[in-house]
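In what follows, structures are represented as structure tokens.
Next come two complexes built around chain A: one with chain B, the other with chain C.
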Partner chain A sequence: MLALQVLIDGFAISALYGLGAVGFTLMFGVSGVLNLAHGGTMLVAAVVAWLAADTVGALGGAAAGLAAGMATAFATYFLVVRPIQRSRSIPREETEIFVLTGTLLWGIMIQEAVAYFTTTSPHTVRPLIAGVTEIAGVRTPTNEILTAVLCWATIGALWLLVNKTKAGKALLAASINPRGLTLLGYELSNIHLLVWAIYGVLAGVAGVLLGAFLGVSSDNAGTLTASAFSIVVLGGLGSVSGSLVAAYCVGYLETITSYLISPAYRNIPSLILLVAVVYLRPQGLLGRR
Partner chain B sequence: MRGILGSRLFWGVLGLLLIAILLPLGVSGYILGVLIPAYYFAVFAMSWDLLFGFAGEVNFGPTFLVGLGAYGAGILDAETGWPIAVCVVFGTAMAIIGGVLLALPALRLSGPYFGLITLVAVLLLQQMVTVFAHWTGGEIGLTVPDVLSIDDNTNYYFALGFMAISGLILFGLSRSSAGLILQACGQDPVEAQALGFNVAKHKLAAFCVSAFFSGLAGALLVFYYGTASPGTVIDLAVGVQVIIAAVLGGRRTILGAILGAVFLVCAGEVLRPLGQLSTFVVSAFALVVILFVPAGFLGTLLHRRSEA
Partner chain C sequence: MSVMRLLPALAVLALPVAAAAADPIKIGIIAENSAISGIAIPNGAQIAADEINAKGGIDGRKIELVAYDDHNSAADAVRAIQRLATQDKVNAVIASYTSEVALALEPWAGRLKMPTITPGAASDDISKRIHADYDHLKYFFHGYLASSFLASATCDAAKDLLVDSKYHMKSAVIMSEDAAWTTPLDAGFIECLPKVGLKVLDHIRMSPDTTDFTPIYNGIEGKKPDVIITGISHVGVQPTVQWANQQVPIPQFGISSQATSSTFWKDTNGATEGIVLQLVAVDSVPSTPKTVPFAQAYIKKYGITPAYSGYGAYDEVYYIADAIHRAGSTDPDKMVDALEKTDWQGTVGQIRFFGKDNPSTHAMEYGKDAVSGLFVQWQDGKQVPIWPASVAGSNTLKFPGFVKLTN
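Showing the complex of A and B:
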């Protein structure tokens, strides 16, 4: 009974973690940017969905949250990342650390602004479906099932986009050999724009679902970024399938720990696993190097 | 050219130091109370700059070292009541041991991977503080029975002296031949290796020096506050502030980190009436500096002068 409960809860949590991490890893793979405002983007999507749900209903709220996630992603790109990448006074080899510091500061600004307007107390987005479903004797909120389904649907859509459409294939090519792609006549900045748009959708969906499933507060924007970052590194930077595998490892480890030991220690085993993997296999589980 | 630049920097530092020494004569205890933590903070930022600016390693967890020093010293004092000096030495030793344990395997990694390991180290340390709450006081913090002094002026001069000496040593180190080799290792490890320098050894040494000063400053800060809590010495937010201070002041300048740290702490204090928004304003300002003057305060000053 307990085992089944762990299996179900772990599956939903892991799907959510996976979705949260996929956008982050895709961004790194294609444009080499580690966006430390990732938690902030998810936070904005969740909080906007929460606010809008009061006036336009749960579905409208979710749509508004998605739009807000995209808007935040574009703001991050145009206000922070692109100016740093194009700056002449920043040496090329130091762009990476400047992007890290810049997005970090931007994430803090988002977090503080959200805290100012909606306080630091946790908000729970109204779930899209209410009610409880019984799976083999385990009472599971229907929303939890919907969360897992939507996460996988989004990831599936991403897979189709990347592997089956022309724009998606260009995206894949940009992550393998950007110079080769420009030689074929593609404008690299358009590709970057596309990847930020996809990133916005992924982070927006993840934020709204997270807000409906676990609730968010402005205080945990940093934690959200850190857990996405850890999952991505565990799976291998830039590898989407690696991130999904890693998300399931972390999700199940956390669920097992909180059911069997105590919710207070839920982070510890996954952090130790991360340290061990990074020491023994720095490229991550499925990373290529 | 270098001589002039060096001497201008020298006179500037001397002037500022003189102002800092004379400050207690003219201002209230409140201002001193703001500046004392700022000076310790400056030491954190300077040791971070040595690691990042020179060794080229992004350490996302400066507070791992600071926290080890602070909690090492604090717990020993709370448990045994030994003299402050012994506790500080113990705390510093803890920071160095922790730093070496972290750096030895981590230095095989590079770039974001190294950064991540240091980030995770901070998260783990924070969890450990919560898990071993009966020793560490958990989230609320640890109260230390001894303090350095209850007199503002003594505390102020102690902090100023400590910062000045640390700054002198770190700056001297960065301008010495060891500092140059370190810089070479950071910028082009392959070439540095080809020239016969042991890159790993130099980076490890830099990490130890950084750990020494971070741990020492952390331990002293505990005996200034009389408490140690995750929110003041371990939290990621504190680490982020250290990094911002160093980048604001100017990378690769060591002394610029002092300007950055003092500015950051004072700005936080001046903007206190804004309440929650003060962090927003400080972060926005730091972002603007990074976007438009990436060399930082001191970096820009020195750069302009060398052009003129």
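Showing the complex of A and C:
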């Protein structure tokens, strides 16, 4: 019974972690940007979904949240990342560090803005489906099942896009050899635009689902970025499948810890795992080097 | 020249008026503006100041508020009280709903000789420290019920509503957040719950940054208690929403500070339906003749009901002004003497403080003829008073369908 409970709860939370981290790692893999405003993007999606659900219902709220996630992603790109990348006064070799700092500050601005307009207390997005379902005697909120399904559907759609479409293959190529791609006549800036759009969808969906499953507050923005970052480092920077494996490692470790030891120590074992992996296998679980 | 000679005489004549214009009573406010329980402090205080000023002030002196946001950080709060004392030169300070912050301010109130009152922190240590070091810390007053009183109130209400009622409950699990204010609260619960007939099966202290409460609720359900007794303030929305979403079949009863404001219904999308909580005052119950008019004024101005700390801050502006009036001075020591003699009918009850010889020095008195508070239950978007019987009328407990009650 307890084992089944851990299995179910761990699956849903891991799927959510995975979805949150996939966009983050894809962005790094394709365009070399570590977006430290990641938590802020998810936060905006969740808060907008919460606000909009009041007037347009749960489904409309979710759509509004998704749109807000995309808008935030594009704002990050056009207001923060692209100006830094194009700036002539920033030396080439320092661009990455400037992007890192720029997105970090942008993330803090987003967080403070959300706190200013909607207070620091957590908000929960109205679940798309209310009620509970019994799975072999374990009472599971139906919304939790839906969360896991939607996470995997989104990840599946991403897989199809990357592996089966021309634009997706170009994306993949950009992550392996951007120079070769430009030689083939592809415009890299279009690829970057595409990856930010995909990132916006992924972070938006993750934000709305997180908001409905656990709830988010502006204080969570930093933690969300940190948790996506550590999952991505654990799985191997830039590796999408590595991030998914790492998300499940972290999700299940946390769930097992909270059930068997105490919810207060929830994230300690996964942090120890992260330290061990960084020490013994710095490229991450599935990273290439 | 004659005009110049007349000036001193005119000045003497105009003195009371000039003093009123030039010498307002300045009160500093320190609170976390982005939290529900925090923003209610400057908001509540502003209404009191506006009311007093509209009537011409106290002894002709207007009330002027100087407010700073402490972001719920003790360091920011200490900087704020230093600035209030040295630069803004305020006469008194109303500060914070967080015990950790209030405890950090306490020695600074002493060093700066700044009469300071907290409208929302609950830790018993606040008054214990004053008792232990009266000469230095006497400038601090605890303007909200101490945690041990909150525990007593919860046990008294639980006895009437849960044990000696049709529910005949026998056991409880305590679920509280790990913070300074819950240490004495939990100790109080552990002592008084068995006395009213509720056996404590487990005691869970969770980290205030918990986001997933599923394991906690599953653990509690495994112990099969009749009720969950809560002590939560910095968390609120998430445990409440997850309780409803997961359909945890056990009722929640106790302290839930965020649920004291009417915004909680929207913040939880109505998941708070059925939650029972303690309040010092509620907009629908005339605890004193002042309660409802204040709550109405607050709703009119800010669109929501005041969180618990808003009532305290409103009363505090009044009795600080009253103390200055009675002391006839803003000298801090004379103000402390006057504040100790406070016997003020506020929005939450008759406000008095325990004296120097009581182990809870400067704690607000709890009791039927002092401040006793009440219990409400969220029903259909409203906080419905259900305890004590004198305010409940015909209201009874109503729990959502997923709560399974043994009766």
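As a convention for this text, the second predicted complex is superposed on the first by the 289 of 289 C-alpha atoms of A that agree within 3 Å, B and C clash if a C-alpha of one lies under 4 Å from a C-alpha of the other, contacts with A are read in each partner's own complex, and residues count from 1 in each chain.
Following the convention adopted for this analysis, a contact is a pair of C-beta atoms (placed from the backbone, for glycine too) under 8 Å apart; a residue touches a chain by one contact, two chains touch by 3 or more.
These numbers were taken from a predicted model, which means no experiment stands behind them.
Participant: Determine, for the superposed arrangement built on chain A, whether chain B and chain C clash or fit.
Facilitator: Aligned on chain A, chain B and chain C fit with no clash.
Participant: With the two complexes superposed on chain A, say which partner A:214 touches: chain B (first), chain C (second), both, or neither.
Facilitator: second
Participant: Let me test your reading of the model: by the given contact rule, A:106 touches which partner, first (chain B), second (chain C), both or neither?
Facilitator: Touch partner of A:106: chain B, not chain C.
Participant: Which partner chains sit in contact with A:278 here, chain B, chain C, both or neither? Use first/second/both/neither.
Facilitator: first
Participant: Using the touch definition from the top, say if A:139 reaches chain B (first), chain C (second), both or neither.
Facilitator: It touches chain C, and chain B stays clear.
Participant: Once chain A of both complexes is superposed, is A:268 in touch with chain B (first), chain C (second), both, or neither?
Facilitator: A:268: touches chain B, not chain C.
Participant: Just to be sure I read the superposition right, which of the two partners does A:84 touch: chain B = first, chain C = second, or both, or neither?
Facilitator: First partner only, chain B.
Participant: Is A:27 touching the first partner chain B, the second partner chain C, both, or neither of them?
Facilitator: neither
Participant: Once the shared chain is lined up, is A:228 touching chain B (first), chain C (second), both, or neither of them?
Facilitator: neither
Participant: I want to verify one number: the closest Cα approach of chain B to chain C after the superposition, in Å.
Facilitator: Nearest C-alpha atoms of the two chains are 5 Å apart.
Participant: Touching chain B in one complex and chain C in the other: list those residues of chain A.
Facilitator: 115-116, 264
Participant: Using the touch definition up top, name the residues of chain C that touch chain A in the complex.
Facilitator: Touch residues, chain C against chain A: 32, 34-36, 39, 178, 205-207, 209-216, 218-219, 235-238, 241-242, 245-247, 258, 266-269, 271, 402.
Participant: Once bound in the complex, which stretches of chain B touch chain A?
Facilitator: 52, 58, 105-106, 108-109, 111-113, 115-117, 119-121, 123-124, 127, 130-131, 187, 236-237, 240, 243-244, 247, 276-277, 279-280, 283-284, 286-287, 290-291, 293-295
Participant: For chain A, which residues count as touching chain B in their complex?
Facilitator: Residues 34, 80, 83-84, 87, 89-90, 93, 96-98, 100-102, 104-106, 108-109, 112-113, 115-116, 222, 226, 229-230, 233, 237, 264-265, 267-268, 271-272, 274-275, 278-279, 282.
Participant: Using the touch rule from the top, collect the residues of chain A that touch chain C in their complex.
Facilitator: 5, 9, 13, 53-54, 115-116, 119-124, 126-127, 130-132, 139, 141, 143, 214-215, 217-218, 220, 223, 255, 258-259, 263-264, 266
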